[in-house]
Amino acid sequence: MSQLTICRAEHFNAAHRLHNPAWDEARNQQVFGKCNNPNYHGHNYNLEVRLTGPVDPETGYVFDLKALSDIIKREVLNRYDHRNLNLDTEDFRTLNPTAENIAVVIWHRLRAALPTTLKLAVTLFETDRNFVEYDGQGA
Amino acid sequence: MSQLTICRAEHFNAAHRLHNPAWDEARNQQVFGKCNNPNYHGHNYNLEVRLTGPVDPETGYVFDLKALSDIIKREVLNRYDHRNLNLDTEDFRTLNPTAENIAVVIWHRLRAALPTTLKLAVTLFETDRNFVEYDGQGA
Amino acid sequence: MSQLTICRAEHFNAAHRLHNPAWDEARNQQVFGKCNNPNYHGHNYNLEVRLTGPVDPETGYVFDLKALSDIIKREVLNRYDHRNLNLDTEDFRTLNPTAENIAVVIWHRLRAALPTTLKLAVTLFETDRNFVEYDGQGA
Amino acid sequence: MSQLTICRAEHFNAAHRLHNPAWDEARNQQVFGKCNNPNYHGHNYNLEVRLTGPVDPETGYVFDLKALSDIIKREVLNRYDHRNLNLDTEDFRTLNPTAENIAVVIWHRLRAALPTTLKLAVTLFETDRNFVEYDGQGA
Amino acid sequence: MSQLTICRAEHFNAAHRLHNPAWDEARNQQVFGKCNNPNYHGHNYNLEVRLTGPVDPETGYVFDLKALSDIIKREVLNRYDHRNLNLDTEDFRTLNPTAENIAVVIWHRLRAALPTTLKLAVTLFETDRNFVEYDGQGA
Amino acid sequence: MSQLTICRAEHFNAAHRLHNPAWDEARNQQVFGKCNNPNYHGHNYNLEVRLTGPVDPETGYVFDLKALSDIIKREVLNRYDHRNLNLDTEDFRTLNPTAENIAVVIWHRLRAALPTTLKLAVTLFETDRNFVEYDGQGA
């Protein structure tokens, strides 16, 4: 049976700061540079969510993209959009909100909300030029 | 020998409607929502076609992108561009023209027109935020 | 007082056909080409709406972009999105739905719904490469 | 003599919050909604700067775009990039950092740094769908 | 009668070099920097052509965008695409091919090929971040 | 341990010409068409570089994207940007600068400059519609 990948793109706007509390200020500044700014900065995050599986012969869908959009809104956007990731979310209260860590957390949140028969991958764009991809490898 | 993937992007504009004739109107409306509109709606479809294979040492090409563009025009655009997919094409007279089904049909049309030594994958964007990818898995 | 322009971008997907009922088929075909296809084709229309006026010193807004988005949804998207412009809308039952005519109709609909103190302009993209701009000149 | 407009696009990432200290929390929440979040959110701001004037016959330039880029970096990016606009800048300590107000402040900063013989306009994108334009009208 | 602006976007790929033969090498290097490289560099130029005029009530068009595309191809792309602007074109054999000068020359070529009743403006993108606009002012 | 892919996008502007010196002019013209133009043409090349590996628990990074950007600048942009690939670089003095060959050369340059523990892939866009991907297969 044909296996396809479908993709839905969503976006959210959030503030964040990169910081490792186990390090002193000098080390944080050296490693994270201007991303370590104590008062935060922010991004328009673009998120692409991919699901891979067979096409349902009755609907012609792998998965209803409207339903996928609703799940992304409930699991990700409602938690992160127009928030400070470090201060306003449980997910990044102690976990450093790098693009890598955000992508892994989003993948786990969506994984738990989606059928296990579908393969899941996420791409998170912090800017047009910096982005990360995660498909659950090593999870 | 180095194996590369080359890609050509093309686009076509078409009308379509999602509908399963085996279902009653209520079920069609419930599953396909506004995409079930009896008088059709439409999209600017963007199509990316990827070919993977070795680089020809004489040309430095995996495959001539101009030739690939011509094949996509002949096999896909000349059939679908500025058409109603449900009414004007043989491909979707009985097959529901979801993005998934369109991608699979395009893949098969291009597969038959391209050298079997090259791996083929297609990405079809129905909108900037909804798209599907097919590489022949399960074909 | 500073005069600024604010802009909100929205999009809708619709089917349409270009046709002048006063002409015979040959003339329609000659002028409108493949856009005259009897069974329609379609587009992802992108719409930019611009409002020009003074900044409210209390809010720092020219006009609330969320409110502008709601007005565009009510006046334009709810009427045109996932519809056949020729068959499903009153606006284009007798008016040829060229990008020019759609832009003029949208401008008039939005003009009636927005404060007269604000200057209004709309840009309508039929594709990334074909678009029209209207600011009410000659209305 | 031919008058042209040249444009340079730059971007910066910043956190901000919309808030009017003269209002109570309920009013702030009602007007600014999720943009009022006390812990800030953020954006990838894209900035387009336009200069209009005659072409220098010796250089073929209206103004050296590399020099314009350097001025934008010095006047705007070095102040706002990877900062919290409300807390880390003098410009928005008491001025509400709406897109409109940010655009007006940027226009004045650049106006003072550029030859008065050139007309200046700025476009500031808060997101791909929300943006503002200012050319100094009423300044 | 309603006055609208219609726009068609096209693109061409060309090599060029910025150089003023009246200057010595040091001055050329100082003013044009790496754009002065003796062996040329190149760009994917994007060109937007805008026409402003009344809507023809019979066609619903200001001007047929397909016809405009053909004129741009004949007047601009056939001359510049996949060429070296300095060596392969008459237009820039002695005129420095800055974005400004290219835009002015394109405007004059198109002006001569289009109805004088329509206002003409061109935007030329040398890169996504560097572009110029010309509407004939001072021509 | 989670394995992620991070990506950094950069761009450079260069002139080039496709030509096989072992062939006569007729054959070169037939195979490479207008890309064979003796005086060169050019492109805005966009380059995406992907690294796959585990997330460092101390930094939350797979690899510092600022460091990756610096390496791309040193290894690729400083060599190719605003240059003629055929005349000004050692890499393409005898190797035909097709997108395929450029991507393979860039991959080898970056491979030598990056930790061997990270998987490397590059995507090179010659235009928005023509691009190639290489991940070292067969190297």
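By written order: A, B, C, D, E and F. Residues from 1 in each chain.
Following the convention adopted for this analysis, a contact is a pair of C-beta atoms (placed from the backbone, for glycine too) under 8 Å apart; a residue touches a chain by one contact, two chains touch by 3 or more.
Bear in mind the structure is a predicted one, so any value in this text is a computation, not a measurement.
Chains that count as touching both chain A and chain D, per the definition above, do not exist in this structure.
Where the sister copies chain D and chain E meet, the same residue numbers recur on both sides for under half of the interface positions.
Centre-to-centre, using mean CA coordinates, chain D is 34 Å away from chain F.
Distance between chain centres (mean CA atoms), chain B to chain D: 42 Å.
A straight line joining the Cα centres of chain B and chain C is 29 Å long. Each of the following residues of chain E touches two or more other chains: 128.
The set of touching chain pairs reads A-B, A-D, A-F, B-C, B-F, C-D, C-E, D-E, E-F, using the touch definition from the header.
Within the complex formed with chain A, the chain D residues making contact are 11, 13-16, 34-35, 37, 39-44, 81-84, 87-88, 127-128. For chain C in complex with chain D, the residues that touch the partner chain are 1-10, 50, 54-55, 58-62, 64-66.
By the touch criterion given at the top, residues 18, 20, 22, 31-33, 95-101, 103-104, 128-134, 137-139 of chain E touch chain D in their complex.
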